[in-house]
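For reference, chains read A, B, C and D in written order, and residue numbers begin at 1 within each chain.
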Amino acid sequence: MTMQTNSEDLQRQSLSGLFWATCRREYLLSFRRKSDLVNPLIFFLMVATLFPLGVSPEPGFLAQLAPGVVWVAALLSTLLSMDALFRSDYEDGSLEQLLLSPQPLFLVVLAKVLAHWSVTGLALTVMAPLLGLMLFLPAEGMPGLMLSLLLGTPTLSLVGAIGAALTVGLRKGGVLISLLVLPLYIPVLIFGSSAVQAAVTGLPLGGYLALLGALLALALGLAPLAISAALRISMSS
Amino acid sequence: MPDQLLTVQNLFCERDDRVLFNRLGFSVAPGEIIQIEGQNGSGKTTLMRILSGLSRHYEGDIFWRGEPVEQVRDDFCRDLLYFGHQAGVKAVLTPQENLRWYAALSPAINAADIDHALEQVGLRGFEDVPCHSLSAGQNRRVSLARLYLSKAPLWILDEPFTAIDKKGVAAKEALLLRHAQRGGSVILTTHHELGIRGPVRKINLDQCAGTST
Amino acid sequence: MAEKKWMPRWFYQLASPRWCYQITGKLLPGFAVAALLLLAGGSIWALMFAPADYQQGNSFRIIYLHVPSAILAQSAYMLMAVAGAIGLIWKMKVADMVLKSAAPIGASMAVLALATGAIWGKPTWGSWWVWDARLTSMLILFFLYLGVMALNSAIENESTAAQASAVLSLVGVVNIPIIKYSVEWWNTLHQPATFKLTEKPAMPAEMWVPLLVMVIGFYCLFAVSLMMRLRNEIIWRERRTGWVRELLIKQ
Amino acid sequence: MSFNSFSEFMAMGGHGLYVWLSYGLGLAVILINVILPRLQRNRLLAEQKRRLRREEGVR
């Protein structure tokens, strides 16, 4: 009996060990390849700059546009960074080792996506007020912007990872991934930008954030399974 | 326990309208070293990927310790060490960091043995040098250090000796032999003439190709 | 394999491409005749005998194409997801082929639904495109079809392509209700309620009976097109087998 | 019958363009869905027969 619990303990230990080891590895990787870390953020900033140039620099008009623009920019920069999630592991053979590990694949995948989110989605969330300022988003909208991004971007990363896993073996994966994933991003975009608009007009935020949270919960539950299945399929050819 | 570790029956695989092997069957007993031979493009790598479970595009049966491998996938993965064409080494990580992650992937490996394993492959003193500053051969050896860490009985090695010098090859061959003597099995492909004298069996894929009807 | 024993016998027969080819060969003429009769009869009924709407006038007759094609676009996606799930779980080749064959038909139905919706919008709303909730959802559904088709054609290995599309269509099918809900909700937020193409409080029988005929006709047409594509796919994938060789020689 | 004359039928109460455009498109989509697979089948069969002849010829 004691033996049994002991081995269960060990198992649990090795699982959480694996989770953190994977997170640690991902952080090491992204902090040593700084361009991967910074590029999505620069892209985020640039996309937001295009709108005043392309439409109009008039503050009132931009303020109206701001929630949608910041959200679309965040969505596109997340998408841009997704392609790299599994590609380097695929190219150097780490992905094969990952798939042949006796450890549960969804756990490693979840750790990878979370680590990836914390250097993209989380960074975008922190950077968002800057864009809000540039686009004259009223100060009342800022908490809504940051909270909605905080709850919405992990969903974007999880769903994007499904696309990344499906296209990992393909040479033209980068373009294809946006085709696969963008339609799936639409609900997050709708609820996210509506939350910001509600915050600007002083309406209660709770409902929007609850919806974003529900989407995140659904994605957390189902996406790792889909990603694992997709990886196995992509690697099998 | 059945005396065969791995049994392959009636394996058929076709790629791009070409039959790579048809009615391929063999089994691997503990203590055996099996060398897969064949010309370039004869499907050696495909076979290795099928045996390891990466590729599922085949017809036929594979048994692990007498059970269909699909049903005992977890046990099989626990007992398998697979070494593919790509080394699986991250260039921006150090050898130590690379191996630590492998240790996390397979619970049987003891992370404390990593330094010892690196010493065995002659990378002592390079533990914390990023792998992109190492030579191709050294990178290969980082990956080969997994052989010293592994406690898995079945090793599937696809061209393990690429970019390794003569002395290194001799050391690896000794390692394979020792693994076999301890009751482990090895399935490998290599362009080198194996210098191992002992339980080496050769399987030639060129003889297994045939047209399907 | 032992674990499969509880499935009924027809399930295995369906799994055999050869059996499937033969049975679809027998079913095809019947469905073709039914589709032709229903679609021709339904169209004549819809165009000539159904009454005009008191608000929209005769442009209302577009509904007899819009609604069936929209229903079919959604049904075809469901079918893809179901076939994908069967293909993934039971490794059934025919299910893979059904998935691949259904995608272009469903996409064409989505196009028809979008086009008829847009055309209907011109006399009703005064512009060719309005961000109406249903039209927007249909547009996104069309994008989902494009994604599945693009993925399927990007992967060279047929069985990998089929499995990847299966995963994608399953992910899509989980998302469709969420997308529909979010788009409807977005729509009420941004637009005052205008009258919608299909929301009628109570349609009289002389209006909905021809609609029903058209819907069934579209289903038959879908079956015909699906079976034709499926048979092509079977021949292509089974081209190495003896029975396809015999079939080719006989012809 | 909702219409009294053929010209009235064609005009559709001023909405003729929209109605006939829709039905034209509908017909096109229906035909495409039947004709494309048919053409594909003809091409496929011809191709496979050619392949068969080639292989028989080689043997």
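Here is the rule we use: contacts are C-beta pairs under 8 Å (C-beta built on N, C-alpha and C of every residue); 3 or more make two chains touch, one makes a residue touch a chain.
By chain, UniProt protein names: D = Heme exporter protein D.
Given the structure is predicted, the values throughout are model-derived calculations rather than measurements.
Taking the mean Cα position of each chain as its centre, D sits at the greatest distance from chain A. Remark: the per-chain Cα centre closest to the mean position of all protein Cα atoms belongs to A. Averaging Cα coordinates per chain places chain B and chain C 47 Å apart. One simple way to say how far apart two chains are is to compare their mean CA positions; for chain A and chain B this gives 35 Å.
Between chain C and chain D the centroid-to-centroid distance comes to 16 Å (mean Cα coordinates, whole Å). Inter-chain centre distance (chain A to chain C, centres taken as mean C-alpha positions): 32 Å.
Within chain A, the positions touching two or more other chains are listed as 236-237. Residues of chain C in contact with two or more other chains: 157, 159-160.
Residue positions of chain B touching 2 or more other chains, listed in rising order: 57. Taken together, the chain A residues at the contact with chain C in this complex read 159, 162, 166-167, 169-170, 172, 176, 179-180, 182-184, 186-187, 190-191, 194, 215, 218, 222, 226, 229-230, 233-234, 236-237.
Remark: chain D residues 1-3, 9, 12-16, 18-19, 21-23, 25-26, 29-30, 32-34, 37-38, 40-41, 44-45, 48-49, 51-52 touch chain C in the complex.
Residues 88, 140, 143-144, 146-147, 150-151, 154-157, 159-160, 163-164, 167-168, 170-172, 174-175, 178-179, 181-183, 185-186, 189 of chain C are the ones that touch chain A when the two sit in their complex.
On chain A, the positions that touch chain B within their shared complex are 10-11, 14, 17-18, 21-22, 25, 28-29, 32-33, 88, 91-94, 96-103, 108, 235-237.
Those residues of chain B that touch chain A in the complex are listed here as 52-57, 74, 77-78, 80, 82, 84-93, 97, 100-107, 130.
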